[in-house]
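To start, the structure under review is shown below, and the notes come after it.
Which chain is which? They are A, B and C, in the order written, and residues in each are numbered from 1.
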Amino acid sequence: MTPLLGASRADATTTWSLHPDRALPPDPAQRALARTILDETARLPIVSMHGHVDAALLADDTPFPDPAALFVTPDHYLVRMLVSQSTSPGPVRDAGVRSVADLGVAPALGAPEGTPPAETDPRAIWRRFCAGWSAFRGTPTRAWMEHVLIEVFEAPVRPSLETSDALYDHLADRLAQPEYRPRALFERFGIEVLATTDGPADTLDAHARLAAAGWGDRVIPTFRPDAFIEPMRADWGDHVDALGVAAGIDTTTYGGYLDALRARRLAFVAAGARATDHGHELLDTTPLSAEEAERAFDCARAGSLDTAGARAFTAHMLFQMAAMSAEDGLVMQIHPGILRDHDGPDARRFGPNIGYDIPIQAEFTRALRPVLEAFGHHPNFRLIAFTVDETAYSRELAPLAGAYPGMRLGAPWWFLDASDAMRRFREATTETAGFRNTSGFVDDTRAFCSISARHDLARRADASYLAKLVGEHRLDLDEAIDAAIDLAYRLPKESYPSPVSSLSPLEAAR
Amino acid sequence: MTPLLGASRADATTTWSLHPDRALPPDPAQRALARTILDETARLPIVSMHGHVDAALLADDTPFPDPAALFVTPDHYLVRMLVSQSTSPGPVRDAGVRSVADLGVAPALGAPEGTPPAETDPRAIWRRFCAGWSAFRGTPTRAWMEHVLIEVFEAPVRPSLETSDALYDHLADRLAQPEYRPRALFERFGIEVLATTDGPADTLDAHARLAAAGWGDRVIPTFRPDAFIEPMRADWGDHVDALGVAAGIDTTTYGGYLDALRARRLAFVAAGARATDHGHELLDTTPLSAEEAERAFDCARAGSLDTAGARAFTAHMLFQMAAMSAEDGLVMQIHPGILRDHDGPDARRFGPNIGYDIPIQAEFTRALRPVLEAFGHHPNFRLIAFTVDETAYSRELAPLAGAYPGMRLGAPWWFLDASDAMRRFREATTETAGFRNTSGFVDDTRAFCSISARHDLARRADASYLAKLVGEHRLDLDEAIDAAIDLAYRLPKESYPSPVSSLSPLEAAR
Amino acid sequence: MTPLLGASRADATTTWSLHPDRALPPDPAQRALARTILDETARLPIVSMHGHVDAALLADDTPFPDPAALFVTPDHYLVRMLVSQSTSPGPVRDAGVRSVADLGVAPALGAPEGTPPAETDPRAIWRRFCAGWSAFRGTPTRAWMEHVLIEVFEAPVRPSLETSDALYDHLADRLAQPEYRPRALFERFGIEVLATTDGPADTLDAHARLAAAGWGDRVIPTFRPDAFIEPMRADWGDHVDALGVAAGIDTTTYGGYLDALRARRLAFVAAGARATDHGHELLDTTPLSAEEAERAFDCARAGSLDTAGARAFTAHMLFQMAAMSAEDGLVMQIHPGILRDHDGPDARRFGPNIGYDIPIQAEFTRALRPVLEAFGHHPNFRLIAFTVDETAYSRELAPLAGAYPGMRLGAPWWFLDASDAMRRFREATTETAGFRNTSGFVDDTRAFCSISARHDLARRADASYLAKLVGEHRLDLDEAIDAAIDLAYRLPKESYPSPVSSLSPLEAAR
C-alpha cells in the first residue's frame, strides 16, 4: 500500500538526525525569534511536578531490561495506535498485531478463556512497533520517540521493518551500559525535581530509600486518593481499610476516615510531597453537611449507598480535600472528564488502563464554584485544573484562573500535549488568563525516557507562541524571554511550593 | 452600499482566472513545499464514497437543462446564503430575492395559501445569484463556483449583476455541447468510483441500467435506512410496508422486519454497495433485548409507542445495523447532530430540506460505546463517524478512532468542508489519531459539477497541512507525500472495501 | 522572581512607542497586504453600537478625576487580573494587592463586618497597577492600555513600579487639560455614534441634555430590560413598579406590564435608540399562551412563582421582546451564557459585577428556534446574537446567521475580543455565514478611553484575516478592501438601522 515509503530517502541512505529547529515556525524571521527565545530556556533544569514514573525505578536504579519493555509495552499511546491499525490492510496487521497481547500487554488475572497470551519475545514486539512507524506520522509519539532514539540513544536509522533488528541490537547494547541506568539519565536530562504519583496507603518506601541516598528532594511523592473517595467503586471499602492500617487510625467512622486522610497527607508532606492529584469522571465539589456526610459514609461502609449518593459523597470529599489543602498547603490538582476503560471487554481481558480511556465533556464553572468560593482567595490554597476538553479553555478555565488567586490553569494534558494542541492552549488561554495564571508544563508520563523530549517539545511550542507575539509587536523580546523562563522553570516551581513552611509548628511536628 | 465593488478591477477589465496556488499557504517556502506535495496528488483519480448525486443523472446521461437548474436551485448552500441577505439593504434584496421561491425552489404539495409561486425563469434566477456574488466572499461556495465556472465552463468574467446575462448565455451554450453531458464530465473529472445514496426500498433501477452499460463499478449505491428505523416519523409504517414489498418479506413482525432489512442490504451488496449511511438527530446505540425490541416494534406498528420508546428503538436498530455490518461487511457511516427543518413554517411551505438544517451538540464517547465494545475489534466491521460539531474532534472522535481498529474518523463534513475548517480538522485530530485512522475526503454533494472542485480544495488543504509539518521538521518530505497520497486516494479506497469478498458463499448467493 | 524584567531595555532606556504594524501578521508579504487593507479602514469613523459608557459623562463633560479612577478601578479586566496574582509571590502581592478593595473598589452597602475599606489614594492604586504590568502580557488589556497611554496620553515609559509616580504625574497633568475632557476625546476618536445601555425605567435625562446640546444623534440609548423580565430576581417586583411609574401605566396587570414595556420602548425610540439588549444566564425563547403568561405574571407579583415558572416566564418575555422588535424596529441583541457573581462572598462584600462573571455553555439552535420561526423572515426584525462560548460559532451561530435573514452574528465579545480570539471568530464563522451576516465590531466597554484602541485592534484583526484570504488567493484585493470597509463601518451602521422610519405614522406618533 505504501510504495513510496520503502523507497524513502531517510530510511535507507541518509543519517537519521534531529533537526535543531524542529517544531519551530517555518518562516525564517519567526524562526530566528523563536530560536532566540528557546536559547534562553533549552538548558534550564526540568521541574517535573506531575508524572507517573515509579519511584522504585530510581530507588533501585537497575538497568532497563530491553527496548520493548522500555518503549512499547508500558506506553499506552504506542499500544493504542498500533492496535487501532490491527484490522486494516497494512504493515501493522502484516506484522501480526491482533490485540494488545501481541505488544506484550499481559491478560489480567481472571481473564476469560481464550484471551490471547502475551507475546514474550521483546524482539518480536519491537519489530511490530518498527513496522508501524508510519502510523505515528503527525503525532507527538513520533516527535518524542525521534528525540529519545536519536538524542538519548544515538539510533542511526529510522524505524522500519527492515531496520528493526539492527535498531534492537543497538538499543540493547546501550541499555547494558551504566550511562543508561535511570539515575544517570535523570542527571543527563537535567531533572531538578520529579514528582511521582502514590496512593494514600502506600508505604512510600522507595521514597524513603531515595531520601536515605540523598535523593529525597529530587524525587517526591504526590497524594492521589481517587480510589479512597469514590464509594461507587467495588473496592472502596478495602481502600478505606488499608488507609486505616497505613495511618494507624480506625477508619470505620467518618471522623476516623477524615483523620486518617489528614494524617496520611501529613506523612506525604513529611516525605516531600507538594501536591495532591484528583481524577474523576465527573467534577463536582459541592459539600454535604457533616451529618449528611457521616450518614453517607456509614451507608457506603454498609454497602447501601446508591450511585447518586456515592457521587454526592465524592463531591463532598473533593471539597474536604480542598479544605485540607488550605490547611496543609498541598497543591490540589484536578483533571476530570475521562471515561475510564471505555472498552469494557478489553479491560476485563487485559486489565485496567488497557480498555482505552476516552474524554467526555467537562464542566468547571459550576463544578468548582463551591471550592473557589470557600478557598479561592485563601493565601495557603492553590488549585490547578487540567482538561482534555479544549472547549473549556477560553470559556471556563481561563476566566476562572484569570480571576481567583487560588487557581491556576494546568498545562495541556494527555491528548493535548502535542505541538498544535499546545499552540491552541496558549492562544485560547493567554488573552484572558495571561501567562502567570498557568502552572508551567507537566509531562504526566510513566515513560521515563521521554521526559526530556516532552519538556523540549513544550519549550519549543511556548517559544513559537511567544515569537508570534513578538513578531506581531504584541510583546517586546525581553518580555517574551522573561515569560519563556517563567513557563519553563519559574512557574512550575512557584506553582508547587513546598508546603512545609506554611504549616504551623504543631502541624509540622505531627 | 458597496461602491468599491462596482469599480473592482476583476469585474470589468481583467480576465477571470484560477490562481494555480489558490488555498495554499502564502509564505513562499511553505507554498513551494505544498506545491511539491500537491503535484503528487492533484491528478490522482477521484474516489467519491459518500455523496448524493442522483444515479439517474448518469444512467440517462441527458444534458443539464440550464444554469439555474444546474447551479442555483438545487444547491442549498447557495440558496441559504442568498435568502439570508433578503431583508438587508444590498444587491440581493435589490435583485428581488424575498424567499427561496425567487430562486426556483417550488412550494411543497399542500403548501398553505399565499405561499409564493416559484420563479420559473432560469435567467432571472441566475441573475439573482450573480447579483449576490459578493455575499459568498470567504465561503467554500465561492471557491467551488470559481473553480467550476472557470475550469470546467471557461467562464470569462466574475459574476455580477452586469455580467449575469452574458454569463448565462456562455453557460447555456456550453451545456448544449456533448462534452458537458454528465458521463463526459464524469470522465473529465477523473472519477474512479462515485457512491450515491439510496433508500432500502429503492429498486436501484438506475444502477441496474448503469451496470448494463458497463458502469456498474463506477456508480454504486449506498444503503440509507433512516426513515425505516425511526418510529417517531409519521411515515415510518409506510416505509416498513414498502420495505416488505421491496424485499418480498412480510414486515408486520419484528423478525420479518429484520429479515427484510438484511435482504435489502444484500441486494445493495449485489448492486455494488460498499456502505450504509445513518443520520439521526441524536446518537445512541444502546441495544434492547430481543423481547423489548419486538414489543417496541409491535407498539410502533400499532401507533402506541411514545417518543422515548421510539428513540430507544432507533438506538437499538443502529446497534442492529452495526451487527449486520459485521456480518455483511457494509461499512457503517454515521453522522448525527443535525436538527432538520429548523424553520418549520418554511419546511411546510417549501418542503423538507428547505427549512434549514442546523447543527446541535453531538456526543460520541458514550453513544458509540455499545457498538464499539461489541464490534470495535471485529475484523469485518468498520464504522466511519462524521460530525458538524468540531468540539468532538480532539475530545472524542480522535481518541476513539485512535484506539478502536473498527473505527475511522470521517472527513470534515458539510459546514466544515472549507479551507480553514479542513485545516482545523487535521490540526485537531492528527496528533491523536494520525492520518491512517481517517477515511479520506468525501464530497457529500448533490452538485455533480462541483465534485472535482471539492476534491481539489481538499487536496490543497491537506497539502498545506502536510507542508506545515515538513516546514516545522515534524515530518520528512517523502513521508508527507506518502501521507498525501493516502489521504487523496488510498484511504478512501481502503476505508470502503468491497464487502463481497467477506461474505460466505451461502450469504453471497442469497 | 523576574530578574530579566528589571533589566529590560524598553523599561529604562528606549522610548516607549506603538509599532505601526502591531497585531498584523509578521510575514512581510502578508503584512504589506494587511497594511494596504488597514489603510482603507484605519481612519473611518467609529460606529459604536453596543457599550456601557455613562451618558452623563458626555452630557456633563466634566474632566476625568485621576488616573486610577479613569483606568483602574472601573475596569474589571484590570482588577481581575491583578487580584488573580494577589496570593502568588511576585510584584502584585509585593505591591500590596490583597483584594479588589486595594484597587479602590468599595464595599457594597451592608457588606459584612471585616470587609476591607477601599483604598482611597489614587496614586497608590495606580502604583499597584504599574507594578503588575507584566501580568498583562499577551492580553488585550496590554494592547489597549499601550494604545491609550502612548497614543492618547503620550506616556513616555512602560509602566513599572519604578516609573509609576512619573507616569501618574504625566497622566494627571494631561487630564487637567481641556483636550482630555470627554467630548474632546469623543471628537478626537472620530466617534460617529455611541450607544449607551439604559434601564427601561431610566429617565434618559442625560440623553435629553445631550440632545439639547445638539449631540442627540451622537449618543443614543439602548433598552436593557433584563431585571424587568426575570421574576427570579428578588427585586423584580420593584422594577415592575418603577416601570409603571416611568411609563405612567398601571403595571399590576400583565396587560399593563406589556403596555408599559411597549411605551418605554417607544420612548427609547424617540430618544434615538436603535436596539434592545438582553443578557440572561440561560437562553430560551419559548412563548407561553396569553393565559399562561398572565397566570405566571400574577403568581410572580404574588411571590408564588417557582424557579421553573420564573424561567418559563423569562423565556416568554424574550419572545415578546422579539415580537415588539418586529413592531417597533428596535434591533434585538442577545448574549446568554454568563454566570453572574460567581464568587458569591465577594459579590456580597463588594457589590455586583465584582464577584466575577464566568461563562458557561450556551445553546442557540433550539433556544432561538421559536423566535426565528416566528420572526426570522420578518422584514422589520433583526436579532444579533453574541456568545462567549466559541463552540457555538461554527456549530450553531454561523449556520443560523447564514440562513435566517432576520439574524446576524455579533462580534467576538468580552473574553473573546482580543487578537487571537478575533481571528478564530472569522475563521470559524466566515466559511458558513460570510461577512455580511455579521454585524461589525462592538466595543462593549465602559472604559471610554479605550474605545478607539479597541476598534483599532479589531480593524487590525480583520485586515489580517482578509490579508490571509488574499494571500491564499481566496479573495481578490479589491474585494478584501470592500469587505474590510463593510466590517469596520458599513455593517455596524446597517445592522443597527434607525427604527423610526419603519414605524407606521400612528405608532411613531404615540
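List of remarks:
Criterion: contacts are C-beta pairs under 8 Å (C-beta built on N, C-alpha and C of every residue); 3 or more make two chains touch, one makes a residue touch a chain.
Going by UniProt, the chains are A, B, C = Uronate isomerase.
Keep in mind it's a predicted model, so treat the numbers as computed, not measured.
Interface residue usage between subunit B and subunit C, two copies of one sequence, is largely distinct: under half of the residue numbers at the contact are used by both copies. Rotation angle for the C-alpha superposition of subunit A on subunit C: 120 degrees, rounded in steps of 5. With centres taken as mean Cα positions, subunit C sits 40 Å from subunit B. Within subunit C, residues 27, 391 each touch two or more of the remaining chains. The touching residues of subunit C, when paired with subunit B in their complex, are 27, 29-30, 363, 365-366, 369, 372-373, 376-379, 381-382, 391, 394-396, 398-406, 426-428, 430-437, 468-469, 471-476, 478-479, 481-483, 485-486, 490, 494. Those residues of subunit A whose C-beta lies close enough to touch subunit B in the complex are 1-2, 4-5, 7-10, 19, 21-28, 80-81, 83-90, 99, 134-140, 142-143, 339, 342-346, 356, 358-361, 388-391, 415-416, 418-421, 424.
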